[in-house]
Structure formats: structure tokens, C-alpha cells
Amino acid sequence: MFEQILDAALFDSATRAMIPILLAALGGMICERAGVFQIALEGIMLAGAFAAVAGSYLAISWTLGVVFGIAAGMLISLALAYGTVTRRGDPIVLGIALNLLAMGLTGFLLPQLFDVRGVFQHPRIDGLDRIAIPVLSDIPWVGPVLFDNTILTYVALLLVPGLWVLLFRTAIGLRLRGVGERPLAAETLGVSPTVYKYGAVLASGALAGLAGAQLSLGNVVQFAENMSSGRGWVAVVAVMLGRAHPVGVLAAAALFALAEALGFRFQGNGLPVQITDALPFVVTLLALIIARKRFARLLDLTTAA
Amino acid sequence: MTFELELRGITKRYPGVLANDAVDLAVRPAEIHAIVGENGAGKTTLMSLLYGLFPPDEGDIFIRGERVEFSSALDAIAAGLGMVHQSFKLFPTLSVAENVVFRQEPRRRGLIDRVAAVARVRDLADRYGLAVDPEAAVEDLPVGVLQRVEILKALYRDAQVLILDEPTAVLTPQERDQLFEVIRRLRDAGRTVIFITHKLGEVMAISDRVTVLRNGRAVADLVTAETDPAEITLHMTGRAVDLDRRAPEHQPDQAVLEVENLTVLGGHGRAVVKDAGFQVRSGEIVGIAGVAGNGQSELIEALCGLTEADTGAVMLSGRDITTADVAGRRAAGLAYIPEDRYGVGTIRRASVSENLLIGHHREETVQRRGWFDRGAVARLTRRLVEVFDIKTGSVSGPVSTLSGGNLQKVVVAREMEHRTPLLIAEQPTRGLDIGAIEFVHSQLIRYRDQGGAVLMVSAELSEILALSTRILVMFEGSIVATLDPRTVDEPEVGLYMTGAHLEAAVA
Amino acid sequence: MLERVLNGVGDMSRRAVRSPVTFSLLFAFALAAAIVAVTGGDPLAAGGEMFTGAVTGSGLRNTLGRSVPIIGMALAVSIAFRSGIINLGGEGQMVIGGLAGTIVAIYVPGPGYVIVPLAMLAGAVVGAVWGLLPAYGQTWLRLPILITSLLLNYVARAITGYLVRFQLLDDAVTLTSTRQVPETARMPKMPIFGGVSLSLILVIVLVALLWMVYTRSVAGYESQMTGFNMRSARYGGIDVEQRTVQVMVVAGAIGGLIGTHLIIGEALRFIDGELVLAGFAWTGLLVSLLAVNRPIPIFITGMFFSALQIGGLAMQRNAGVSWRLSQVLQAVVIVAVACRLAIRRGERPSTEVSDAESAAVGEV
Amino acid sequence: GGDDEEAAPEGPSLIYVTPNPIGVNKFLELGQVGTQRVAEELGGTWKTFESTNDSDRRANIEAAIDEAPDIVVLTTFTLVELADELSKATPDQKFILIDACPDEPAANLHCGVFREHEGAYLLGIMAGRLSEAKEIGSVVALDIPFLHRWSDSFALGAQSIDPSINDTQVFIGGDNPFSDPARAKEQALAVAARGADHIFAVGAGSNGGIFEAAVQEGFLSYGVDVNQCPEAPGHIVDNNMKLVDVLVEQLAKQVLDGTAGPVVAFGLAEGGTGVMALESDEALADSQCVIADHPDIVAEVRDARDAIVNGDIVVPDPLFG
């Protein structure tokens, strides 16, 4: 039974499930560090997925698709940034409303632009190719799982150390964290919280847009209504579980994705779908309980409504 | 002559308040310039305008003779100003060095050069005698050190003019003396210091000149050497105030609060209060003196039920309240004026009346079976506002618009109204002006004279000496001395506070 | 110019015109009209259909009917939000409470006047228990309710799905569904506007009750103070933990009530996954936030959103404009209100320091 | 949308009400096609009221009844309760309900149901012949009895060829089972990783993901409702087709004539369900389906169809079996 469950394809599947979540969660992490509560990831991802497919279809090029995905993500996050930073609106209200907006707009535009309902699949849509990295991809087990993937997979994985350096070793990162912790203190030193918060929210939009592009051009090559299907919410949880640390976020996303991929496998072995569906969420809850000592600060953040 | 800094006709209006009214201020190079005034006189506002935090409605600012217009603090920093705010503007989770170099980080290959940052901060600290560990996380540091970090921040930015807003409010005499040392050293190095305070003794001790604000206007510009506290007070208040009042004799009665072997563990598992034991009797004020960060706050929080004690027993009026929660302790007869009136004592987003109700809201007089008697609530708040002369537009308006002094009155009024056997007062007059201090002191004494027991924590040694029947000194979590205020003076208490008696004993 | 025109009007109407809500509505409708026009539709016709579809004939009944879950879920969420608890678990509480109520309605025999209240009670109790889990998670384990309540939604869905699939399945039908609620155990309809569920009265009673509680009770005061500043509340002798638990129990109970109503009053069968489709928990959440957690504004806003949704359907039916546009419209209204956009230019929201900020910076 | 403006007033009027957005389901789209065809053939008018959730459905059906068209066309089981209740409440309004029927339908309610399991069984025969691994599977949107008509019957057909064939069924689930191609793709890959080389895609809007998995892993797949072979030529063997449009059309005309009975069942015999292999040779050749390359299996499938039609083979209905 176990050889049927634990094989390279499982980790392959987990990696694919992880990447969109990871990309979006890294975006959420940047926002969290800048002191903006980002729960529009679900909607941004959906808009990114839609725009990526649209762009790829129009230009028959995944590059443009990815650019479109990023642009759409940034556009929505611009609304979030304006609302929360400039107008000091409630980020929770805005986030949920923008999720709704993305759902409505993509659903509205799909038939308007492509004359199809529900699902848009077309040979013109240029998907992200798998790029096998020479040598590395030949490593048994790890190679095919990690080093034979789409470009956005590599981007996501490289962003983990990249964002770590950015946050903890560069001036920008120091200022960003400062802004997130004490905006007034940063302001008195001439670091504009507005600029940094805008930057963080836009960056999260770009990343969640990329997450959408990976979903609709990488994981599959098509768009389906509401295809983000809760992955953005999972990313929100991953930011918290990973305590807004790049490595923590990676671990949280990986844990969730692995539990999901395992769930698919267990289903094949006869476990009811109702149980395997809940598996990743239960595993996340358990992880929260195990790691609970670390959440005292988080609790303060999330209960100051 | 060219002034280092000159303000002309500065006016700033808030809705309904003229915070600064055509204020002129001239500060000479390499002088220590004190600014004094009652609460709400407009000191903080004036400094904020000077520092570019917001623009004045009218008036001009000149630096070394040149007219400047600051659109942000950044411009002020670039013009050589540095400000240590009344409430510190530090990043708790960042290190001292990171706080200091923030936005002017030394870099190497695009990354922050952390070694250089630490080295520079250490260098600077050594030069001006500011003892700090550049690598410590700010959230772990006591206030006195935080202030040094703030000063380092300004110096790191090469501030020619350093503005200190009520810097001594949180310091012990020793720390204050160290600060004065630093300030003099800065002046001798050619820098200018603007120093806001409510304490005239400090004005006399450190400043070269003093400007007095009253109701938003600059009413006097004096040379310190040519004036005296009485004159300054007259300018500030328009009347004479007698501060030098000793507590009248009074005979304490039986014990109200009994604390035995109380130990409190801090976040890191270290004991922050060690084996504390003492009594407070009715009709007495027990003052706790200590350098901030030596366990006074933790002791008080444990007594009030805000944190849990690890071991020990607490009795209130003969009842064991060791395991009771806040509500239980309040019901057993305790009222508490907390040190942090913004974060704990009041609720910013609630109205004045809602704030006055905190802790009274379950009393039979204002509610019945969970439903408020709205008339009774209104009567209660109206009475408190009147008796304590709280200056507020409307009791249903937000409490956040009150000045610091009036905010403190809300807390004092509310807690005294409980008429409990025990009143715990933590830093009851911090940051208040002379008039307000006088008022709070008289209230504490009235409370005592009516047979109440008062446990008071204060960083203000003069206050402790003036009011206390007995003084407990805390050092590193332990009560190291019980002193009689009639037989000690400030320097002596200060010695105990810094643990010097221990060193003496060893030697 | 605008100023002079406005000066003629009374102060009340001037304020109404300048209010961010008015502007947000105008803005959202204008945007929607522009979208309709750009995509080749007739904005006026679409708007007309939307309006008449929401307030006439069966549309009015449906607007009133749908307002029940929207307002109900908004009230549930308002209770939590007022105390500073971000409860995103309304959906789970609704679903699992709804199934409990359904089970009682289907399997407990008895006359309607006993079974209907009993089913509602069962829904409320189980919803409350589901609300308790994240509450205890926060008070015992220090896990933020925000995350746990969200995650528990999925667990609730899985549990109900499993029960319906393997325990309660009606094998006479082709979906994963329970049996139909027997005629006697259904929520009665009132003979007004062609049959509006009795639950509307329940919701109105809840609005009145919560208004009383919020404005004049000790519990309401304590919750609000806790929501404003937890540290001060604790200092004032309020048992914040106990309040958290109570609040989540009440919020969960209302969620369970609404879930039960949706089955025994509307769908009549618990079909796996159907209860979450309409997103009432989310709509309710937005309504509550827009209404700043106050019961009477919640009632009005809830009715409005219900009308928007029902009117959106009519617009799609009769003007050929996708219902998706009504979704866009709702979202834009909320975004605009959340941004507090107002007609008066240059007006900025206050830059008051938040409690958290002042508490943390404080006067250390 | 409709075209009531230009329609001749004497033709019939029809309103088609769906329980879900049409997009996610080809089946719902076919219902609309059928409705439209009837209206246009007879010079009448038609409209579609698209619902998204439970409470929209009632609003839409009631709005349809308010307009009093000649026929209200409803689809899927989801609407069976409402159809029952509202047809009894408005005896003058005629209804068609596709895919389900209440126990005792009112006289004004006419049902049309399919025997989808028959077509799925034929697909199973193809898989039984073609599978080399002797491992097959289905990726199904939801674990609901209705969809087991597809998956269970597919397995049964394959096992009728070789009883040793092993079957795995997985369900897409999640937030959005009918429209989550990414999740469906992973599920299909998980089944393929177990060794399955023939996987039935019963995921409606999620099917695209399963076909992508087929292309990527090289297994063969099967589509539903319409000919989906062109979505992944060379990787889709055949489809379990459901001629909803034909059923709606026939039933509507009968209702208008007054000849409709309470229930019509559409299976292989009536030509209401089927697979591409049963189509004309030209249509099959153009279908881009893999089965077109296997004339021997096509012949076998056609024989099986005949056997089912004349009762030699009885395909049990997983719903009521």
C-alpha cells in the first residue's frame, strides 16, 4: 500500500499544489510584515489566473500571459492599497469585497471576451513549459520533483531565500518591517509608511497574480470560473502558520500541499472524499496547535479588530 | 546675532483649540533651552511643528537665519534637528543598532553592513557616555535605556539641535543625572538642546534659558540664572503654587493589604518579582520607589490580577485573593490607577462617560439584572466630571480628545469613586502639570485621611518623599529596603534604588 | 457651485447627499451602468429590471425571504466583531447547526409547533458548540479565532458531508441529500406578500433584542469595551475569556438557527454542499462591517443587499445582463464605502492613532 | 438571452430555468439548445433563467411562472422538489423536468430522464478491451449517487470484458468540484500513478484538467455529455453523450401537442444517450476519438448496444439497483 502512496509522483503533485499557495502566501507575508492585513489573495489569484489565460491567448505567448497575470493582480491590490493605506479603510472589509469583485468580474468577462461559459480552454493558450534543469533534474527523487518544473516554480522557490535576504538583510527590508511594526516611528525618521505599504500590497498583488498564472498556465492550461477554489484562503492561513517568515511560510504551504496530495492518494485507497477533503485543514489545525507557543503575538494582532 | 533656531508667530489650530497662538521662540547656539508650561499649553504641538510633523497654520521657522519649510520630519532631520518624543518612537522587535541606523544604514554590497552598524552605534554611545548594548532587542530594555537609544538616534543623524520632550518623566534621579551629564557634554560639544519639562528644579539645574508657554502663547523668555521657580510658576499658571508640602501626621490602623512571599515569573521564566512581602495599613500611603524595570509594574499587575503570580499569598481586608481574577479583586475592595493611562486606564475609542463607567458597570447602583439604569449612569458620570473638574466638551464625546491631564483625572476620579479600602496608584502624576499634580496629591491625601490604604508607585522621588508614610525600595525584583521618609533624603533613596547599598555591603 | 445648490437643501438631506454611503451607491451604480453600456446593454432598462425585480411581485417576497439569512448571519458576525473577535466561522456554524436542525425535523415525530422550535433549538445548540471550539482554542491554546474558525468551516463541511453521504442518505434521490423535511416540521410561512417565512419575525426580534443588548445591557457594554481595547477591559474587571466564549456561543447559535431555517424553511432537504453556495455567511459579514456592527443599520443594509441579489437575477432574466454584474455591483459598493469616499472633496479620514499603536508605544 | 422582440406572436413561449450557472456544465447548455430549437422551429419565444444557488432557484422559477409561458423547462434533480411543489401550486402552468421526477408528478409536470449508465457501460467495454494495465478509474466531481451511474457502470462494462480489471474512483471535492481543473488534474495523476491507463472524466467543468493529465501522462480518457475528443485528440477514447437537447425538443413538442406522458426515459434504445462509436462512420471518423482507430471494438460496442436494447444485457442502474 505504501509504495502506492509514497512515490515521486506524490511529491510532484504536492509541489504543484504548493506553488500557487506559496506564491500567494509570500505576497501575504510581505503585507503582514508591512502591517497590512491581506485577505484578498483569493480574489487576486483568481483575477491573475483569468488575466494570464487572456494574455496568453491574445499573444499566444505565456510570457505575456504571466505579465497580464501580474498586472491584474497589481490592479486589484492597488484598490486594496488605496482603500487601506490612503483611505484607512478596514482591510478585512476591503479584502472580502475584492474577493467578491474578482469573482464577479472574471465571471462577467469570460463570456463577454471569449464567448464561452464556465471553462475556457483553447489551443492558442500557451502554457508554461516544464523546464528541466540540466544535471539537477537527474538527481533521483528530488530531481524530477523539484528541478523539472515550470519557470514560476523556480521563481517561487527562489523567492524564499530571496525574500529572506530582502526582509532581514537589506535596508528595504528593515524599513518595511519598521513600517509594519510602528508606522509613526518610521515616519518620524522619514520612511513613508504609505510608500512602503503601497509597495508591499502591490508586491503581494504581483505575487498572488503570479500564483494565478501558475494555476491557469502551469498547473493546468485553461481558466475555469472560481478556479482559485479557496487556495488564496489557504495562503492566508499559511502566512499566519508560517509566522510571516519565508521559511515558515514555505513549510506551511508544503505541509498543506502534501496533506492534500496524500488525501488524493488515500482516496484511491478507499478513504471517503469527505475525509480526505478535510485532511489538509485538519493537519493545518494540528500544526497550529503544536506550534501554538509562537502565536501569542499573532493573537494580539488578529484580535485588535 | 544669528539664532540657532527661531520661530516667529507660529500658530496652530485644532478644531476648537488654539494650540499655539503666535508663538515666538529664539534659541541660541550651544545653549540648553527649557520650555515649560502646564498640560495642554502647547509645548508638544510647538515641537511637532518645528520638527516638521505637520505644518503650522501661520508663522515662520528659521534655522541659523535661514527660513525653512519642512514638509516632513525628514527635512527637519536634514536641517540638523533631532527629536526625542515624549512617547518613544522605537521598533520593539528590532535591535538597538537597527533602531539607530534605521533609514541611514551602512551598507556593503547592497546589504546592510551589520558589523559596521553595531560598531558605529557603540562608538557613538561611548563618546557621549550613553551606556547601551547595540545588539540588544529594544523590547527587552528598560525605559531609561530606551531614552538613550532615542538620543543615539538623533546623534547618529548628526543632530545639531536636540529636542527632548519631557525626558525625565520616566527616569530615576541617577538616570536623570546621567542624562544631564550627556546633555551638558552635548552642549560643550557645540550642540543645542531644547528641553521640555514640568519640573522647575530641572529647569534651574540644567537650562541656560527658559521659555514659558501658557494657553498656547509664549508668555516669558527668561535667562535661568536671573529667575527663580516662583517667577516661572507665576508665568505658567498666573498664580503662586505651594509644592513643598509634607504629609500631615496620621496614625495608621490595621492591615488592609498583606503580601507574603510573592514571586512573579517574567516571559522568559526569570523571576521579575522575588519573594516580596509587605503590608499596607488603612490610613497610610506606602510608596514604592525603584528604577523602572525593577519589578514594580509586575508587582502591581500581580496584585491587581492582571498577571498571575507564581508563588505567594495576597490577602485583602483579611480575605485571601491570591487566585482571584481582576473582577474578584475589585469586588474584594481594590481600585487601581494604572501607569499606562492610554493603553490600560482608558479606552480611546469609547466616550468619556463609558470610560468613567469602567469597573463601576456591574455595581447595583447603575444596573439591575444586567440592564443599565441609564439615569443612574448619567448621574454618576456627571458627578465625577463635576467633582474632579474634568474639562470635556461632552461626556458622550470620545475620550481621545481630552488632554493628558484631564485623561488622568478621568482615571483618578473613576478609581477613587470606588471608595475601596485599598487604592493602588501607579505613576499617578506622570506628565501632569503642577496644578494637576497638586490636585491628584490632595486627592490621595484625602483618601488616606478618610481611612483608605494607598499603595503608590512613582518614579518621582519628591512625590514619594512628600506623600508616603513608608517607602519600599525595589531593586531587581526584590524589596531591598523599607525607609522612613522623615529620616531619608532623595540621594539616599537613590542609592538603594541602584543597588549601591549591596555593593557597599560587599565592599 | 455645488456648495450653493446644496445650501438650499436642508441640513439632513445635505448630509445624506454628502454621506459616503450615498456617494458609494451612486458610484457603484454608475460604474455598473458604464459596464452595461460598454458591453452593449441598456443601463436604464437593466436598472429598471433590477429595481422592479427586487420590490414587486414574487421579487418582493424573495427579497424579504433572502434577507433572513443575510441579516441573520450579519447579526451573528456583529456580535463577535463588536467584541473584537474576528469570527470567520459563520459558514461552518451555519452548516453544522443546519444539519442538526434538519435531523431533528426529519426524525423526531410530533406536531409542528413542537418540532419546529425543537429543530431550531437543536440547530442553535450545535451551532453554538461549533462556535465554542475556536473560542476555547483561543482562550486555552491561544490560537487566533480568525484562523481556527476559518479552518473549521472545512471540517464542518466534511463532517456534514460524511454524515449525509453515509448515515442520512436518501437513496431515492440522485444527490447526496437527506430525506425531505416532513410537511409538519417545516417553518411556516406568513400570509403576507404571498408567503414570507416566519423566520423573518425571528430576525426582527433578534435585531430588536441585540439593539437592546448593545445599547443598554452590561453584557453589551462589556463586549464593546473588550472590542475597543482588550487590555483596558481586562483591567476594568471584565472577564475577557469568558466574554469570548459567550460571544462565540451566541454567534454560533444564531448561525445554527439560520442554517436550520434555510433547510426547514427553504430548501427542505440538506443537500451536501448546497448551504454554502449562496455565501450568506460572507454577505452577512460584509453587511455587518458596512453597518459598523449596529443592529438597525444591519437590518437596512441586509435588506438592501438582498434586494440587490434578487434584483440582479431579474436583471439577468429580463435585460439579459449577467447576474455577475450584481456581484460586481455589491463588491464596488462595499469597496467604496470601505474607502469612505464622499462627495466633499479633499476630505480625509482622521489619522487618529490606533489603540494598538498607543498601547504599544505608550509612555514606556 | 432570448429574441422575443422579433418572434411571431402565435408561436409557443418557453422559459428554461437552470439550477446552476450554465457554464460549468455542458449538460445545462444542451438544455438551452433544445429549448431554443423548439421555440425557433415553431416560431415562438424562449428565455433562460440561470440560477447560482438554492435560493435563486425558487426566485427564478417563480419569476418564470409569473410570466406564464407555454412551458417552463427545468433541469436536474436539484429542482425536483421545487418542480413538484410549484407544479402542484399552479396547475395551469405546464412544466418539463429533465433528469429527475417526483414520486407522484402532477398532471402538468412532464419528466424526461436518462439512462446514463448504459452509455457508461459501453465506454467500460472499450476500456476493458484497450486497457493493458488492467487498471482503470474514474475522476468524478462529487460522491453523489447520481454520478455513480457513470463511474460504477464504466467499471462494470470493463469488468464484463475482464473481471480481473481493477477500478479506482476518486472525487474532486474541494470548494468548487465542477470547476476546479487544477484539482481534477492532480486527482487524475494520482489515479494514473496507481497504474491506471484508462480514466473516465466525470468532472464537468473540471474535465479539462483530467484531459491535460492524460496528455501529460499518456493515459487514455473518456468524456461526458458531448463529444469532448477534440479537446485532447488522441487521448480521449470516447464520450458518454446525453442528448438533452433532443429530449427537451421531443418532450416539449409532445407537451404542446398534449401527447406527453408523465415520464419519458431516454436510453440507448431511444437514441437519447450514446457514445460516438454508435454514430455514423463518417461522424465517427471526424470525431477525433481514439475509438475510431479500433473498428473491431466499435463493432463489439455496437453489438453490446443491440444487446442492451433488446434486453440480452441488463445494465443495472446504480441509482436504484
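Per-chain residue numbering starts at 1, and chain names A, B, C and D are given in the order in which the chains are listed.
Criterion: contacts are C-beta pairs under 8 Å (C-beta built on N, C-alpha and C of every residue); 3 or more make two chains touch, one makes a residue touch a chain.
Quick caveat: nothing in here was measured; it's all calculated off a predicted structure.
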Between C-D and A-B, the pair with more C-beta contacts: C-D
Identity of the chain that, by mean CA position, is farthest from chain D: B
Approximate Å spacing (C-alpha centroids) for the pair chain B, chain D: 76
Centre-of-Cα separation between chain B and chain A, whole angstrom: 45
Rounded Å distance, chain A centre to chain D centre (Cα mean): 35
Multi-partner residues of chain D (at least 2 other chains): 142-143
Chain C: positions in contact with at least two other chains: 165, 355, 360-361
Residue numbers of chain B (touch at least two other chains): 89, 92
Chain pairs that touch, as defined at the top of this document: A-B, A-C, A-D, B-C, C-D
Contacting residues of chain A [partner chain C, same complex]: 79, 82-83, 87-90, 92-94, 96-98, 100-101, 103-105, 107-108, 111-112, 182-185, 233, 236-237, 240-241, 272-275, 277-278, 281-282, 284-285, 288-289, 292, 295-296, 298-300, 302-305
Sites on chain D touched by chain C in the complex: 1-2, 47, 49-56, 58-60, 62-63, 66, 77-78, 80-81, 99-100, 103, 142-146, 177, 319
Touching residues (chain side chain B, partner chain C) in the complex: 86-89, 92, 143, 146, 169-170, 304, 306, 325-327, 330-331, 336, 338, 340, 342-350, 354, 357-359, 361-362, 367, 370-372, 374, 400, 430-431
Residues of chain C touching chain B in the complex: 216-219, 221-222, 224-225, 228-229, 231-239, 352, 355, 358-364
Contact set on chain D toward chain A in their complex: 21-25, 29, 137, 142-143, 168, 170-171, 173-176, 179-183, 185-187, 189-194, 205-206, 208-209, 212, 231
